[in-house]
Every structure is written in structure tokens, then in C-alpha cells.
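Quick one: structure below, then a few questions.
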């Protein structure tokens, strides 16, 4: 958990490396400064942290790395507002703040032995990466793996440099799709729900994990239901405007549940049971 | 027999308190009555029902530096803010003490907010029972009462020439030792008559009628100012941002309201509560359903301030009555 | 028929004939003494409409939330000038609104649960009791004798020394709690992103503190320079009684002096501060 003494005080960290994933998305690799805290810092797929751009503010980001690989903390940041713009101005060596990890996590243990369908759109794919890495690192624990990554254009596909590794894994299928192609794209041009329809994925012994913009989730959900997926079989990670991440500032709630504390991972059964329907 | 303090002795005591602590009490500011730091005990008003703004600002300030950020030696140094002075808030009403109890819940629950805790530990609450209520008060319907001592360190009840005194906590004992008090056989005066509001079971009713178009209609006249949240003793939504300040940067926390447009808008533009009706519903659902179910205490203390201040008369008492009738025959 | 009865009758007629979906007017507030805004969607709702001297809200603000909907609205004289302002700025369409104009007797000073007979300061100085735009007029059009001095309150402030003025405003703004009720109540404040909410650039911060409070209130007054139609809803809604109208009236007086222009009298006249005539001087040195 965060700094026990002051939950709103960030831990100091240093930006190790910045990798451009797309024209507006960067992968930040961050190392915590304090060795003792770093040794204790453990997180699971689905959790998030607050990253501070000192002088501007802080924002929540889904963790895109996995703790068990013992590498730097990775978050994918899309330049879309004031904090993200300030973060994008930073160079390796810069000081940032980290608070977290917060939230619940994907129940990877419950997914063992099942076929996993990972469906992500745009920057929404970032919190799904830890699920993929966990499965690939413990490949025999899980059934078939389908990774469906979609974006507006080919240059907006995130983690393109890892596609080859993912596709090469045993019993793993990588499908890519874009809404609009460019001159070099020879792959599929279709919306994600259409791809699901084309692939006719089976709900048998399966879990579908989806993340992306609200409109994509809405239509993907409809398609999954048509293919026979039950609400408990569909898992997503919600987002919301957050300030504290601790369930204190009363901002990110959906009905009586806090995205930061009771989520961000929810099954669709849980979401349909929420008081507020967004 | 009860403990008693004369008005004269009380004033001497308050003067003594002022010497070593910050004394906050109700005072006249133009035609408002507000809790302010007092420099003269004579400025304290005693003939009032309640203040226009709640005393929560002394535990949860409208604007507060959380920590400062300084760039040093190639890195960054963070210095958390501290609360220096001890404070005594004098002249609080029982509803506002219930308000503090409600505020304690989110801030003191693990992980504890250390700045709020410092304010809280360093503040003593001295209450005065209500012998008069205003028509908008409805504390007894929200779990409190006009002479309810819950939450105070010292509770006073006005009688002829002085006050009956109840010292309720160790902090109160340390502040007002027994030696300053005498005995009295004066009967405790009758507490104020407070209006009733049918709040029993409101949480269930809200849950059942969550999707009712009532909220949209109610929100029609709401102008989305932040007033209800700011005058309320229990509202605690906040915004956090970094501010440059003379070479350093401060991370500052300020009051915000769930009613303002953009409260839930995320970078990129998506806003799940862009609709006025959903924001209106959020306020009352938080007050009367989510908070009580999460923390076990009411989030509305029945002080009536929002009723008096709302420029368009969004009246929580009316809303409670309306919601109780929703879904019933005829509605 | 009283004003109330006439308004109810007209509203019912409009709703019944479906000429509008909604009539925005006033009804009695829960203190039994004051008025509050009310949206009548049906003939039954319209029976709750009232009009009296406690009807202090400027309802024109709500038209901005109903831009593409047919709406009836009850307006006093000052409110009607707001309609012209919004028409001038192309924020609302004339053919979507049905204006029930009421000749205003002036508002009384009221507070929660308290009303009286004394007229509001601004209403005592008012120069127009008859709405300037309407589809139907309730009450008899009145021509008022303009007062000898239209801005005695502004003149009094102008007479103070710089130190006195600074001390005055420091005291007043120290009470500001940045609830933004002033902005929200004002029909002229409708920017989709208010300058005070902008983070980049950061014009004014979120701190509820002196320094920022002055910036907020004075900049808002400037943004209304030449646009404020003088309803002073801002001052009426302020929970800590800051005399905001003084700021707006000072700018009103200056605009009148410089351009002989009163905002809101008609929807066509271009606003002097929003237009640049060919023969205007470019700068100080010219």
C-alpha cells in the first residue's frame, strides 16, 4: 500500500526510460527511489497507481507491467490533458511521484484452466498487458489465449513491438484490427465487434476481458452476449475521475461502489447490478 | 445536582483559552453570523440559532496545503504540512458536532488522512445546547437532537446567569478543570422543539426509486453553484492541484462540489454525469444512501443551512418527503 | 385578473396547445414567503405559477439549457434585457421562445423566511419597469421618471480613497467561498469552460483565498463589461452578501459614459466592446 504515514504524499521515483508507443502514447518506465519501499512494492494485474508530474498534479494510470518480472514500473500515458502533457515533457532522469498500488485486481487464479479472450481498444489495451504477460509467463496454467488489439489507425496500436513475441507463444492467437488503414497496412480493417463476429469465439470455459473507450465496450458487450457469453464471464476495468485513490474524495463512485476501492476490475454481472448505470 | 459555570467565569475562562490557543466562536460579520477566530471575548454572539457557514472549515479548510515540493540537489524534496496551533471551537450546536462525527468517517478511516487527524486531535469542541430551533432545523429526524452532547468535549446549556456544564472527554477535562465549576440544582431547561422530517427508511426508498424521473425534474432549477456543499457541515468532496509559490510548489487541497459541471469529467472529455439530473441524484444518494450504508452514520445532520442558502430552494426536507412518496400509489 | 392569474392562464394555453413543451416561471418556495423558479410541463403544473415581488430570479439563464426546445418564459424588465443579450450573441433563437413579459413593480428585499415592503436598492434605482421584448405583456406599460442620479452607489465608491477602496474590497472578498453561485445565476456567464476552470493556462487557481477571490470576481465583472444587463442576480444569490453589483454597475456607468450604450435594449445593436468600427481609434497614441 501507499506511504502508511500519509496516503496523499507520493513516494519519490525516477523516470528511467521513455518509449514512444504511438504518436500520443508513451510508455514510462519508473523506478522507486527508496530501496526498502521498492522491495516491498508489489502489485497485481488490474491495479493502478497515481503518478505525479510535480508542479502540475497527479493522475491515475493503470499499471502496464507485472511485478513478478521485477523490472521497472511501467505505465502507458496518452497525452490528453494537463497532467499527461506535463508528463510527456519529462526526460529520463526526471523526478516523479508514485502513490499506490490501488484498487482490486483481475482474479488470475479464477482464470486458470480457462480460455482467455483479451479484447482491447486504443490506450485501453494498456491495463490488459499485465494479464497477457502473466498468462505468457505461466503459459500452462491457462487455456487458449486470444489477443484482439484494435485502434483507430495502425500507428495507434499500442505495444506493436511485442506482437511478434505474443503471437509466437503456444496456443496463442494475435488478431489486430484498425478502423482506418494507412498506406502500409495490409491487415484487417474492421471494428472490434465485427471481428468478434467474424472469429465466432466460443464462450465455452471462457473469460472475455475487455477494455477501451465507452462506446467500444458497449458494442463489444452486445456482440459477446450474442455469441453466448454470460455476464459473469465478461470482465472489464472501469475508469473515472479520481483525486485520492483511497475512497475518500467521493468522486469516482458508480452508485455506492468506488472505482478506486471496489474496482477498477468488475465483471459485467457486477456492473449491471450497480445502482448507477453509466 | 449538575456542574455550573457563571457567565463571568466563562468569559474569564475563554480569555484564558485565548492566550494559549486559537479561540474560534460565532461572531457577527456584517449581517451574517460566522465562526471566526476571536480576538475579544466580547465579540462572541450568544443570541443566535446557528451560524451561516458550518465550522467544518477549521478541521477541513476550504484551501489547505498538503505538502510543498522543492527541487533540491538534482532531486525533489517533499515537506508535509503540519498543524501548529491548538484550537477551541466554542459555541457549536449539536448538529455541527454530529457533522464532525460524519466528517471523521472518511478522513480517519484507514488509511488515515494525517492532516485532518492533526486538526482533529488539536481541536476541542465546546457545544451549547439549542433552546430555540429555526423552522428549517430537523436534527432529531437525522439521528441527533437539540441537546445531544455526542461529539463534544464540553457541553453547555444556558440557564439564568450562566451555563450547566457537562465535561464529556479527557480533552474537555484538561481544558476546563473541575475547580472552575460549582454545583447547581437548577433544572435543565427544556430543549428546543424541532420540526420533524420523515427520514426513516429513506435509504431504501432512494434505492428503489433510483431511476425515477423525479431527479431530472428537480435538477431543472438547480444552477449548479457549489453552495449546498460548501455550507454543509458534512460535505467533503475535494480537488487537489499543484501551485507554484515563491520558488516552491505546493500541492493544495480545496473544497469542491459534486454539483458543479465537470466534477466527473475526465481528460479526453468523457463525463459520466454530464446530465444535471444524475448530479442532483448523486448528491442526495450520497447523503441519504451511500454514506449511511457505508459508515453507519447519517450524512445529513438536519442543520438546515442548505435549505436557507440554496438560491433556487432545493430543499432536502421536501426531497425526503417526495422520495418517500415515490413509487407509492398515485405517484 | 391579477398577474398570477394572467400568467397561469397564458401558460395553460401555451401548454395545452403544445406551442411550448415547458413554461419557466415562479412558484412558492418551501418557506411559504419567497418565490422559486419552476418548470411547468403540464396544465396541472401551471396552476402553481405565481408572480409577486419576491420573484427575484432571472429565469433567462435556463433558456441556455433548452436551446432546441420550445419554451415559454416569464420575464421582468431586467430579465427581458437578458433575452436580447442572448439573441444578440446568437445563444438562443427567438422563434423557440414565447415571452410572457410582466411589468415589474420592483422586488422587495427578502431573505429566507423573511419578506418586507422595502424595495431592493437596485429596484429603487431602476429606470425601466416594462420588459423590452415580449410576446404578451401582463400589466400596464409604465414610463418611469429616470432618477436624478442613476448611480449614487457607484459615486459613493468613487469618492473613496484608494486605501479605503482596497480595504473595502479586501474585507468583502475575504468572505468569498468560491461557490460560483454568481456565475451560475448570471445569464451572461455561459462559457462552456469558464476561465476560472481552465488549468492551462492557469488564470486563477482553485484556492479559496484572498488574492484569488479578487481575481475571480473582478475578472468576471470585466467579462461582463458592456454585457451586464443589470438584473444583479449575482448579488442576490451570494451566500455571504458580497455587494457584487457595485462592480458591474461601475462598468455599466463607464460604458454608458464612453459609448452611450445600455446592454439588452434590443437584439440588433452591436456591443461596443465586441465590435470595432472602421473609424475607431486604434490606440492611445493615435
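In order of appearance the chains are A, B and C, and numbering begins at 1 in each one.
The working rule: contacts are C-beta pairs under 8 Å (C-beta built on N, C-alpha and C of every residue); 3 or more make two chains touch, one makes a residue touch a chain.
The model shown is predicted, which means the values in this text are computed figures rather than measured ones.
Trainee: If I average the CA coordinates per chain, which chain comes out farthest from chain C?
Mentor: Centre of mass proxy via C-alpha means gives A as farthest from chain C.
Trainee: Looking only at C-beta pairs in contact, point me to the busier pair out of A-C and B-C.
Mentor: Between B-C and A-C, contacts are more numerous in B-C.
Trainee: How many angstrom lie between the CA centroids of chain A and chain B, rounded to a whole number?
Mentor: It comes to 39 Å between the two C-alpha centres.
Trainee: Any idea how many Å lie between the Cα centroids of chain A and chain C?
Mentor: A distance of 48 Å separates the two centres.
Trainee: Which integer distance in Å separates the CA centroid of chain B from that of chain C?
Mentor: 32
Trainee: Residue numbers in chain B touching 2 or more other chains?
Mentor: 239, 241, in rising order.
Trainee: Show the residues in chain C shared as contacts by 2 or more other chains, in ascending order.
Mentor: 199, in rising order.
Trainee: Where in chain A do residues touch two or more other chains at once?
Mentor: 82
Trainee: In their shared complex, at which residues does chain B touch chain C?
Mentor: 29-32, 34, 52-53, 62-63, 134-136, 217, 220-221, 223-227, 230-231, 239, 241, 243, 252, 254-257, 260, 262, 276, 307-309, 311-313, 315, 317-318
Trainee: State the interface residues of chain A toward chain B in the complex, per the touch definition above.
Mentor: Interface residues on the chain A side: 1-2, 4-10, 12, 33, 52, 54-59, 78, 80-84, 95, 97, 213-214, 239-241, 243-244, 246-256, 275-276, 278.
Trainee: Hey, which residues of chain C end up touching chain B in the complex?
Mentor: 29-31, 34, 36-39, 41, 57, 61-62, 65, 112-113, 175, 177-185, 197, 199, 205-209, 236-237, 239-241
Trainee: Of all residues in chain A, which touch chain C in the complex?
Mentor: So the residues of chain A touching chain C come out as 82, 85.
Trainee: Which stretch or stretches of chain C touch chain A in the complex?
Mentor: Touching chain A from chain C are residues 199-200.
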